[in-house]
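After this come two complexes, each holding subunit A, first together with subunit B and then together with subunit C.
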Partner chain A sequence: MADTAQISAHGGTQPARGRGLFGLLLVAIPVLLVGWLIIYPILAAIVSTLLVDTPEGATFSTASYRFFFSDGYSLANLSLTLWTTAVCAVLLLVCGLPIALYLRFSTSRFAAYVQGLAIFPMFVPSIILSYALIRTIGPNGTVDLLLNAAGLPKLPSPYLTPWGPVIGLVWDNLPLTVLMLTAGLGAISSSAVEAARDVGAGPIRVFVHIILPRMGNSMLVTISFAVLGIFSSFTLPYVLGPASPEMMGPFMMRTFNDLADPLNAKTQAVVSFGICLFFGLFYVWSIARNQGSRSR
Partner chain B sequence: MAVSPRVLAPEGAFETESETTMAKLTIEHLRKSFGATAAVDDFSLDVDDGELVCLLGPSGSGKSTILRMIGGFEHPTSGTLRIDGQDVTRLPPERRPTGMMFQSHALWSHMNVFNNIAFGLKLRRLARAEIRRKVEEALELVGLAGYGNRQTFQLSGGQQQRVALARSLVLEPKILLLDEPFASLDQHLRERLREEVREIQQRLGITTLFVTHGQDEALAMADRIVVLRNGQCEQVDAPDIVYRQPQTEFVAGFIGSMNFLRATVEGGRFRHGDLSIALDVADGPAVLAIRPEDLGLAPAEGETGATVLRSTDFGSHIMVDLESEGGVRVKAMTSPALRFDKGSRAKLAPTLYGVYRDNRLIASGRLPASPGECKINRSVQTA
Partner chain C sequence: MTSRSAPFAIRSSRFDWTGLFFAIVLTIVIAVPLLVVVTWAFTEVWRYPSVIPQQFGLRYWQQTLVRADVWDALWISIRLSATVTLLSAIICLPAAYAFARMKFPGRDIFFLSFLASHAFPKFGLLVAIAAIFLKLDLIATFWGVVLIQLVSTLMLMIWIPVAAFQAVDRRMEEAARDVGASPLRVFWSITLPQAGPTIFAAVLLTFVSTFYETEGAWLIGAPQIRTMPVLMISYINNQIVVQYGAVLSVILWVPSFIALMFARRVVSNGGFAKGFGA
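So, the complex of A and B:
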């Protein structure tokens, strides 16, 4: 006990410079790992797409980027990826927000079961989900069987269309979206909502005027996260998506493996990274702004 | 501010039949259960127009639940709530002619002070100039004129509570509900704000229900105090009556400081140590309750009387802690002229007392200032 007191007293009187050094040491390992495993490969990839080996030696060239942005197939793949990401982000918000609102404000015991159900997809591997969806909404899947049993015509299957990955990605990303939105809603006190109702606001006006403006930041963070995850997804677009055009994940893999073209694969990766970086910076900006408003 | 306790009802909301400003609240057999637990049990109360009633009780006594049911934030399990005779029991909060001030201010941090107050008026689609006029009047009423453009986080705790009060008052509710609004403020600010709120309430003549667990707040502000315990009403009376004639042992102990001496009444006489009082009550166990200011002390001779444990000089009076001959610790408030040293003996000489049995007041009396036998002045029928 006495030792502890002495140590804490010593720590308390440690010079500020020493404490700062200790703090830097604590973050040094993760920072070095990020530098080694993330920053360095990114820089190496960017450099290797711009410095091309020729018989005369390495020369600066933007040929691979010019090819990417002039190739119709590459651009179609990029636009499909952007379309899938945008549709998924909107659908995730549309599906996740009502669930998060219910979980935040419901006092029912049923809410716990809804939460469990909403979080469940997080524990299902993408590959299992993909095959489950094929068996459910694919040709001659459960939906077709039920429609057939009811004497109804089959519906066009979203399997192998752009909507296939959309359904899978929304299902897969819903738990994280719900969790993040619920956390954002947690910052809105019940009394703030009750005060709005007290002055005459019905549920819709409470949502529009009180809840929505105060969870804008958490929605931005949620969208940033969802976009980053969806843009770089591979399994669900690979298994459920169309063969052509295809999303950037499968496109990169096929360019690298099947076409044995690492330069173009890296170029696709750098372009994907550039787009994701925009959302990454957006996320960092949201977090910084949020912390700034908290410290006020 | 030219506001009157009359609601500016949104479309389809509660509307008054007449243009009078009468706002009487009637609560009949209100009950609220959470599972098997009754938070409020058969609570009835009439609050007259312009009256300020304090709901007072310890934590878990159901006072906030009652207020929330009046505001529409909790649905009663059974019972009826009427405002000016109109049943509002099943109306949602936004359609009730009530205004609530929350313990945590509940200001909307994404709006400035003006917009916080104007929000309810905007919902009612009032003209912009009318909204501005009303908001400025409300701000002036709570002493925050010129603060409209401030952000809420730029205000102190007391200023935030004033904004919350202005937000409630600007809609001219029939009933103002205050849910421990000063709980998060320091003592000095609390005292100042409660005076201001009382003054505004009296100026507007608005019917008000105030929830608090601070008895000083209740005694200072209320026209009537409702003392609650375990969801049930223990006593409803004016503050001085609640303080001087508590009807139950719980109220006697909860309001102010009280000495309780327990003994058995035998042959119409209550005996505790050398204290002996004739009581016109049936024999049996009884509790004698005496406030410190009603417990006189006289120097005792020899080894009889209560032992002085400590004397604390508060300037205007001295608080003497004693241990009675029955081994009970009691407090007596004496004049600075009369001093008792630690370890000395003193005779207990109550001047005003109540007698309780089974939590009910069964007798009360007044004794002459000097110790000795005395006849009972008044006896009370048990409930």
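So, the complex of A and C:
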């Protein structure tokens, strides 16, 4: 077992060459799948939207991008998507952070119940959630019924407005936000918090001076992950959102399937990649860094 | 959530008002929409503005369950999820073992490459893949949908099992080897029992997430391959009888409920969140 011990110690001596090849063989299929079904389609989408077939052969052209950025409808869809993503990200932090803080520091019997409920939406598929929200906040839904029974005036229903997807997406993304923020809070030592309290710091000062500086990174990772998911979400905006303008997910689906226009669908996809590039890079970078520090 | 200090005025001697607040708010926000669906599924007549249905009954269960499109979709969904889960397990679990235990050139880069599926906006990626499938005539075929679902499961089926294999106590394996157990025996009697529950949870989550995956199945499968979630969307869009959607939701939720029972421990112990980079 001496060789496994060396393998676990990162950067140990090279094991037998045969073992290395065997390892490569074991990971070959999934790695090739990533290459064929993730890396290659992305590169192909970028190249094929920039190279246009002409009688003289493929030439470089930015026509499909010029169309996207001059088309009012495309731009309206893009700005609705950006708005929804930003509002959801802020709401997720505002809702998720207090719950994560509570879960990290509470020892009461409510904590297990709160954790269970906060994780629960992970086990509710977005299609069932869409249906449930139509029946709850839609026209003549449960909220309407209860307000009516209490003799209160009707609220305008968020169903088929931009707020419909916002409510659904926050509901849907809350579990991972809470889990990731709680994991980030776990890295903050209790002794640092206790020391601050011993010298008389209140909860807010503890939060601002001890907790916030230490979890900035995990908050950014959480937000990056949520942004990547929300920006191109499909089911909830499609079912709960307005028909026009629409978010990028339904927009791409319609362009690809109903309009049978792969070129413009790919252009929309590449624009999405470009806008999310920062979040994607940050996400990968921070995980790579964590992974590196963990295996050393 | 083991014993921790309480800097936010939550002391054992005082009543936990914060906890009660979160418990009540989350119960209302999370549980009420789901209860509404369950109520609708068992409702025959529910006219505005009554707060509770006028008439309960099982009539719509029967009406939903005699529909041929429901059974077709259910059969396709089950076949699809089983195929994807099996393929994913066959190609990913050996790879996960290799990533956890072996050293080979490019190991770290390859391991991180699985993140690629999470580092791009998902639907954009699906459209890019669909454009490739269009040329390969994989659109509207069963195997096209299998491939696109397989991509979404890769990370789940690599990262969680890798963490499981890494968490196995090496000293126990070495002790077994020292008393003469063969490598296969060690794997079977020591490694697998320890890593098994987490791997089982990953397999279960893969099955369930494939079962509910909507956008890839629609984008690639439409119009021939219609899974349960895609059928559900068409029910919502066409606004046919409200109860059909409710009954389908209740039926559809069963696999998820089973997953919830088994996978909750894995999901809540922090390792799962670490798999997403927290």
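The working rule: the second predicted complex is superposed on the first by the 250 of 296 C-alpha atoms of A that agree within 3 Å, B and C clash if a C-alpha of one lies under 4 Å from a C-alpha of the other, contacts with A are read in each partner's own complex, and residues count from 1 in each chain.
Basically, a contact is a pair of C-beta atoms (placed from the backbone, for glycine too) under 8 Å apart; a residue touches a chain by one contact, two chains touch by 3 or more.
Source: prediction; values computed, not measured.
Q: So if we stack both complexes on subunit A, do subunit B and subunit C clash, or do they fit?
A: fit
Q: Determine, under the contact definition given at the top, whether A:Val52 touches first (subunit B), second (subunit C), both, or neither.
A: A:Val52 contacts neither subunit B nor subunit C.
Q: Given the touch rule stated above, what does A:Tyr131 touch, subunit B (first), subunit C (second), both, or neither?
A: In the superposition, A:Tyr131 contacts subunit C only.
Q: For the three-chain arrangement built by superposition, which of subunit B and subunit C touches the greater number of subunit A residues?
A: Counting contacted residues of subunit A, the larger count belongs to C.
Q: Quick one: classify A:Glu194 as touching subunit B (first), subunit C (second), both or neither.
A: both
Q: With the two complexes superposed on chain A, say which partner A:Leu160 touches: subunit B (first), subunit C (second), both, or neither.
A: A:Leu160 sits against neither subunit B nor subunit C.
Q: Contacts for A:Arg214 in the overlay, against subunit B (first) and subunit C (second): which applies, first, second, both or neither?
A: Touch partner of A:Arg214: subunit B, not subunit C.
Q: Touching A:Ala76, do we find subunit B (first), subunit C (second), both, or neither?
A: After superposing on A, A:Ala76 lies clear of both subunit B and subunit C.
Q: Between subunit B and subunit C, what is the shortest CA distance in the superposition, whole Å?
A: 6
Q: Touching subunit B and also subunit C: which subunit A residues?
A: Residues 194, 196-197, which sit in both footprints.
Q: Quick one: in the complex, what on subunit A touches subunit B?
A: My answer: residues 189, 191-192, 194-202, 205, 209-210, 213-214, 296.
Q: Provide the residue numbers of subunit B that touch subunit A in the complex, in ascending order.
A: 10, 13, 71-73, 92-95, 98-100, 102-104, 106-110, 119-120, 123-124, 153, 164, 167-168, 171
Q: Help me check something: in the complex, which residues belonging to subunit C touch subunit A?
A: Where subunit C meets subunit A, its residues are 1, 3-10, 12, 16, 18-20, 22-23, 26-27, 29-34, 36-37, 40, 48-51, 91-92, 94-95, 97-99, 101-108, 110-125, 127-132, 134, 147-148, 150-151, 154, 158, 170, 173-174, 177, 208, 212, 214-215, 218-219, 222, 229, 232-233, 236-237, 242, 245-246, 249, 252-253, 256-257, 259-260, 264, 267-268, 270, 272-274, 276-278.
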